[in-house]
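Heads up, the next two complexes both have chain A, just with different partners, chain B and then chain C.
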Partner chain A sequence: MRAKMDVKDLKEIVNLLLTLVTEAKFEFNQDGMGVKAVDPAHVAMIVLDLPKDGFIEYEAEDEEIGIDLDKVKDILKLASSRDVIEFTKEGSKLTFLIGNLTRSMPLIDTSAMSIPRVPNLALPAKVVVPVSDFTNGIKAAESISDNVTLKITPTEFEMYTEGDEDVARVCLPKDMINEISCDEPVKSMYPVDYLVKLVKAMDSAEYLTIYMGTDYPIKIEFDIAGGKGKATYLLAPRIEGE
Partner chain B sequence: MLCGKAECPLLLRYYALMRMHKKLGKDIHGSSPPGVFVGRYGYPKVAIGPLVPPLIGNTEYMDIPENWIDMGIRDFVEMRSTLVRGMKRYSVTNAHDPDYFVVSLQEMAMSEAHVDTETTFERTPRGTLVPGSEVQPYGPKAPIKKFSVDSIRVNRKLEKFYYDEAKTTEAVLSLYRDGVRVSLIQKALSMGIFGERKKFVPTRWSITAVDSLLSKVLVEKIKDFPTIDNSMVFVSDKMENTFAVIFLPRKWSYELVEAWYPGTLWNPYGSKTFMVSSHEFYEGRKDYAEIGGCYYAARLAVTEKLIKMRRQAEVIVLREAKPTYLMPLGVWHVRENVRNAMKNEPRIFESEKEAIRYAISQFRIPFERWVDGSTLLKRFYTQRRIEDYEVL
Partner chain C sequence: MGIPWVEKYRPRTLKDIVGNTQAIREMLQWAEEWEKGTPKYKALILVGKPGCGKTSAARALAMDMGWGVIELNASDVRNEANIKKIAMVGAVMDTFTDDGRFLSAKKGGKKLIIFDEADNLYEGTKEGGDRGGKKAIVETIKITKQPIILIGNDYYSIVSGTWGRALRSLAKVIKFRAHTRPQIVKVLRRICAIENIKCDEKALLSIAAKSGGDLRAAINDLQAIAEGKKYLKIEDVFAAGWRDTRNEIYKTTLTILHTVDYKTAKNSLLNLDEDPNFVMLWLEENMPLEYTKPEDLARGYEYLSRADVLLGRVWRRQQYSLWSYAMDMMAAVSVAKDEKYKKHPKKYNFPSWLMEMSKSRKTRQVRDSIGIKVGKIYHTSYKRTLEDVIPYFRVIYDKNEHLRSLYTYLLHLTTEEISQLTDEDPEKVKKDAEKVGKEIEKRGEGGSA
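Right, the complex of A and B next:
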C-alpha cells in the first residue's frame, strides 16, 4: 500500500477518529480507504470513507492496517497544512514522507481489533443544516448541562438544554434550513461532550445531514477531505428514567 | 451518645491513650515493628521519626496493614495506640545526605523484622486526639533527644534501590513485581529510599503515591485484555464497613461511591445520607480524585484482581460506613477491605441489571440514592449504547 494525500485531509481524518479512539483499523482496497471506530463506552461510532480519487496518488490491494492515531497526530505536527504527505506500508511498518522528512512507525496488530458493526437504523426525520448553526447550539448547551435535546418537527429544527436555572435554545425554522423531511415530530437527548468534540474535529463540512427518531441514535452525515470523502457519525441517546 | 454514634470515638481513643500514658516515661526501650513516620506539616521541613511501642518482642504485625483487616476496631485502635511517635525536624532533602538518625530510620524502613531501639524523648510523650486522617492512627508523640538502634536486617530487594540511581517509579514498580508488599514500598518511599535525588515524602502522600502509580500501570495493562463474560458482584464486610464491588462486562471504567448516613463519621450531624464519589472513564482522569486516597487504594485492589483474571471490566465500588465505624482507620483499610472482597467468591449474574440490584441490596441506603450519587450507575441507566439498536 502506498498513498499520497494533502496533509490537511489526513489531519481531519485523524482528528475525527481521535474523538472516539486512540487506535484504529484502516481498511484499504482498490477503490479507496475506509475506517470504522466505536468509542470504549460504545456510545458513538464513526465511519469514514475516502475513495481513491480523494488521494493524489493511490495504490493498494485488500489490506487492513492498525494505526496508533496519537503517533500519526505527532507526525502531522511536523508538517504544515499546505504540505503533501506520502505513506507506504513496508512489512509491519508504516513510513511517512513529508518533503524530505521520513518517519517510520510500527503498525498495531489488528487481530484483536474487531471492525464494529453498523446498526441498520430506521430514522424517520431528516434535516440538512449549516455546521455553524449546529455548532452554536452545541456550544450553548455545553455551558449549561452535559445533555442536549434535539427536536425535528415538520416546520423546524430545534436544539435545547435546560440546566437548573439556565436555558439555551437554537431554533431553525423551515425557511432557514436547506432541507427538512418530517411527518411526525421526533425528539432525543444526547451527551453533549461527544458532539462538542465532533464539531471541533470537523474541518471540511459546511452542512450536516441529520437523521433522527425519538429516543433513538442520531445519524450525522458530513463531508471530509474537502468534499472528496464522506463521514457518518452515530451517537446513542440518553433516556431519562427507567 | 449525643453525636449519634454507638460509642464515642474520642473517648475510645482517649482511654487507649490513657492506658498507654501510665506506661510511659521519657525513655522507651522497645521493639519497633519497624515503623517510621513522616509528617506533612511545615513541608519541606517535616517531622520524621520512628514508631516505637514500650514493648520488646515480635511487634512486626503492628505495622503491616496487609494483616489487619480481620481485627476489630477496638483491638486495632488499642494496638496502634501503643506506638509512640518520635519526632525530629528535617528538611526533606536531608534524605540524600543522611546523618546517623536518618540512616537508622532509612534502614528501619527497609527492614521487615522488628528492630530493638532505645529512645530518650525531650518530654514524656503525649497523645493528641485528632481523628480524621488518611494515615493509620498512632499513639502519643514527643520530640526525640536521643535515639539508638540495635542491628537491623534490611530487605535486599529494597536495599538494592537505596544504592541504585533508578527512578522512583521504576523502583516502586520493580519491587511490586518482585512481590514486595505495598505497605513496605510505601514506607520506603516516605523515608526517601528511592530515586537519584532522595527526599522524604510525608507518609500520607507516600501511601497514595504508591497506590496511584501501581494501579495506573495495572489499568493500562488490563485494557489489553478482553472484557469479562458475565456480570459479577464481590462483597466484603469488615471493620464496620460494607463494600459491594460490581464488575460489568464492559470496557474499563471505575468509580468509588461512598455513602455516609446520619450519625457516621463524616456525617455526624446531618439528617440526610451523604454520598460522595469519584470516577474515571476508559481514558482515565488527570486531576486528583475528589474523595482522596481511598479512590486509588480501591483502584489498586480491583485492578490486581483483573490482572489475575486477565480481563477488563467496568468496576463500581460501593461503600457504606456503619454508625459503628467510629474513626477513620487510614487508607489501608479501604485497600484491604476491597482486596478481601476480591478474595471472596463472586456472585455471577446473567444480566447487568440483576448484578447492580444485588449489589445495592447489600445496603440500607435505597437504590435511587445510589444511582443518583454515582456517575457510572447514572450512565448505565440513562445512556444507551450503539449495540442496543438493531444491527444488520
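Right, the complex of A and C next:
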C-alpha cells in the first residue's frame, strides 16, 4: 500500500477519529480507503470513506492496517497544512514521508480489533443545515448542560438546552434551512460533549445532513477532505424517563 | 498456539456454564428485573476465586438477554476521568453494538457494563493509576439506566474504603464457588472430544486436581499439554514438567534415604525441580529418622556439610556451576549407609528449621532492628553489632537503671525491643525513659539560655 495526500485531509480524518478512539483499523482496497470506529462506551460511531480520487497518488490491494492515531497526530504536527504527505506500508511498519522527513512506526495488531457494523436505522426526519448554525447551537448548550435536545418539525429545526435555571435555544425556521423533510415532529436528547468534539474536528464540511427519530440515534452526514470524501456519524440518545 | 482454548470454549450461554447454578439463577432474576424496569439493586458484585466462571457468567448473561457489553478490566486505566468518560456515559446513553445493532433501553435493549477485576483498582497511585476509580463507579451506579456488574476475587477489597462502603448498599453480592474436580473433568473431556483428542481419564483427573478448582488454569494446562496430540496419556501430563512439588520432594528424599545405589539417588535429584538448599534441608531433617546407626549418620552429615559449603559458595560468589557438586554430595548421602535399612520411618517431615525460622521471624526482626539502632551510634553494621556489642550491651541495659532509661530514650526503643533486652516491665522502662528524656531536654534549653 502506498498513498499520497494533502496533510490537511489526513489531519481532518485523524482528528475526527480521535474524537472517539485512539487506535483504528483502516481498510484499503483498489477503490479507496475506509475507516469505522465505535467509542469505548458504545455510544457513538463514525464511518469515513475517502475514494481513490481523494488521494494525489494511490495504489493498494485489499489490506487492513491498525494505526495508533496519537502517533499519526504527532507526525502531522511536523508538517504544515499545505504540505503533502506520503505513506507506505512495508511489512509490519508504516512509513510516512513529508518533504525530506521520513518517520516510520509499527502497525498495531488488528486481530483483536473488530470492525463494527453500521446499524440500519429507520430515521423518519431529515434536515440539511449549515455547519455554522449547528455549531452555534452546540456551543450554546455546552456551557449549560451535559445534554442537548434536538427537534425537527415539519416547519423548523430546533436545538435547546435546559440547565437548572439557564436555557439556550437555537431555532432555524424552514426558510433558513436548505432542505427539510419531516411528517411528524421528532425529538431526542444527546450528549453535548460528543457533538462539541465532532464539530471541532470538522474542517471541510459546510453543510450537515441530519437524520433523526424520537428517542433514537442521530445520523449526521458531512463532507471530508474538501468534499472528496464522505463521513457518517451516529450518536445514541440519552435514555429518558422512568 | 492458536486461539486460547479458554476463549474458544468460553460458554456463550448461561446453559453452558458448569456449576454455580444458584448464583446463575440469581443473576437471571436480576436481569429479568431490569427488563421490567429498574431493579432495587442496579449493580451486582460477583465474587469468587479465579477461574470459577464469574466473567463467563456475566458475558453469557448479556448474550442470553441480547444486551450489549462494555467491559473495563485491569488493563484499562480506571481512574475517575476514564470511568466517567466510558462507563458513566455508557450508563445513561443508548447503545450501538459491534455487530451493527442499535439498542434502545426503553425497548429492553440494555447494555451490560462490566468492571472486571474490581478488586484491583490501584487507587493509591497518583498518576497513571486508578485514582478516584471506586468513587466514579459508585457515582455511575447511582445514575445508571443500564445494568452493571462488578467482578472480583476479594469481596473485602471491593467494599473497603469510604466509596467501597457505599458500594455495599448499592450492589447485591453473588458468591461463586470454585469448581469441583468432576466438574472440571467434565469440561476438559468435552474440549478433548471437540478437539479430537482421545484422553486418559487419569490424565484429566490429574490436571483437574492440580488446578485447585480453577477451571481457567485447568483449560490452559490442557491446551499446553494436549494441543496437537491425538492421544493424551497420563505420562504426557508428567512429562510436561509439572507435578505436585511437595509430593515430589518427599519422593526424592525417600529415594535417597532408601537406596544404596548412587546413580538412582542422583537421578532422582536431577529430575527434581527444586532449590538444592531446600532439598538439603529435607535430607537433614529426615536422615536421623532413617539412619539409626551412628556411623552412617556421621558419614551422611559429613556429605551434607560439604554440600552446604558448596551451596554457600554458590550464594556468595554467584557461581551456579557449583550446584552440580552440591548435588553430588547430597546424592552421596545414599551411600553413607553400609546396607539398606529394613525398618523405615512412618513418614518424613517438613524441615523443622524452616518452620522455626518462619515462627521466629518476628523475634528476629526485633533483634535486627535493635542491631541497626545500636549500630548507628557505634558506626558499625548491624551484624557486627549483634555479635560484638549486643551481648555486653544487654548486660548493662539489664543491670544499670540509669543507662537503661538513657538508651531507651536515645534509641527510641519500642516495647518489643525493650523486652528482648531486659526482663523489666517494658511499659515502666518506657515511662522512666520519658522522664529522663524530659530532663535532658530541659537541661538542653537551660544550657543554651
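Details
Going forward, the second predicted complex is superposed on the first by the 242 of 242 C-alpha atoms of A that agree within 3 Å, B and C clash if a C-alpha of one lies under 4 Å from a C-alpha of the other, contacts with A are read in each partner's own complex, and residues count from 1 in each chain.
What we mean here is this: contacts are C-beta pairs under 8 Å (C-beta built on N, C-alpha and C of every residue); 3 or more make two chains touch, one makes a residue touch a chain.
Remember, it's a predicted structure, so these values are computed and weren't measured experimentally.
With chain A as the common reference for superposition, the partners chain B and chain C occupy clashing space.
Within the superposed three-chain model, A:Pro217 lies in touch with chain B and with chain C [touch as defined at top]. Legend: residue contacts after superposition of the two complexes on their common chain; A:Ser114 is shown touching chain C, with no touch to chain B. Contacts of A:Val43 after superposition on the shared chain: both chain B and chain C are touched. Of the two partner chains, neither chain B nor chain C is touched by A:Val7.
Overlaying the two complexes on chain A leaves one chain B stretch of 115-123, 133-141 or 169-177 clashing with chain C, which is 115-123. Across the superposed pair, chain B and chain C both touch chain A at residues 38, 40-45, 116-121, 191, 215-217, 234, 236-240, 242. In the complex of the two chains, the chain C residues touching chain A come out as 37-38, 68, 70, 85-87, 89-90, 92-102, 104-106, 111, 145-146. Those residues of chain B that touch chain A in the complex are listed here as 224, 250-253, 281-283, 379, 381-392. Within the complex formed with chain B, the residues of chain A that make contact are 38-45, 112, 116-121, 191, 215-217, 234, 236-240, 242. Those residues of chain A that touch chain C in the complex are listed here as 38, 40-45, 114, 116-121, 191, 215-217, 234, 236-242.
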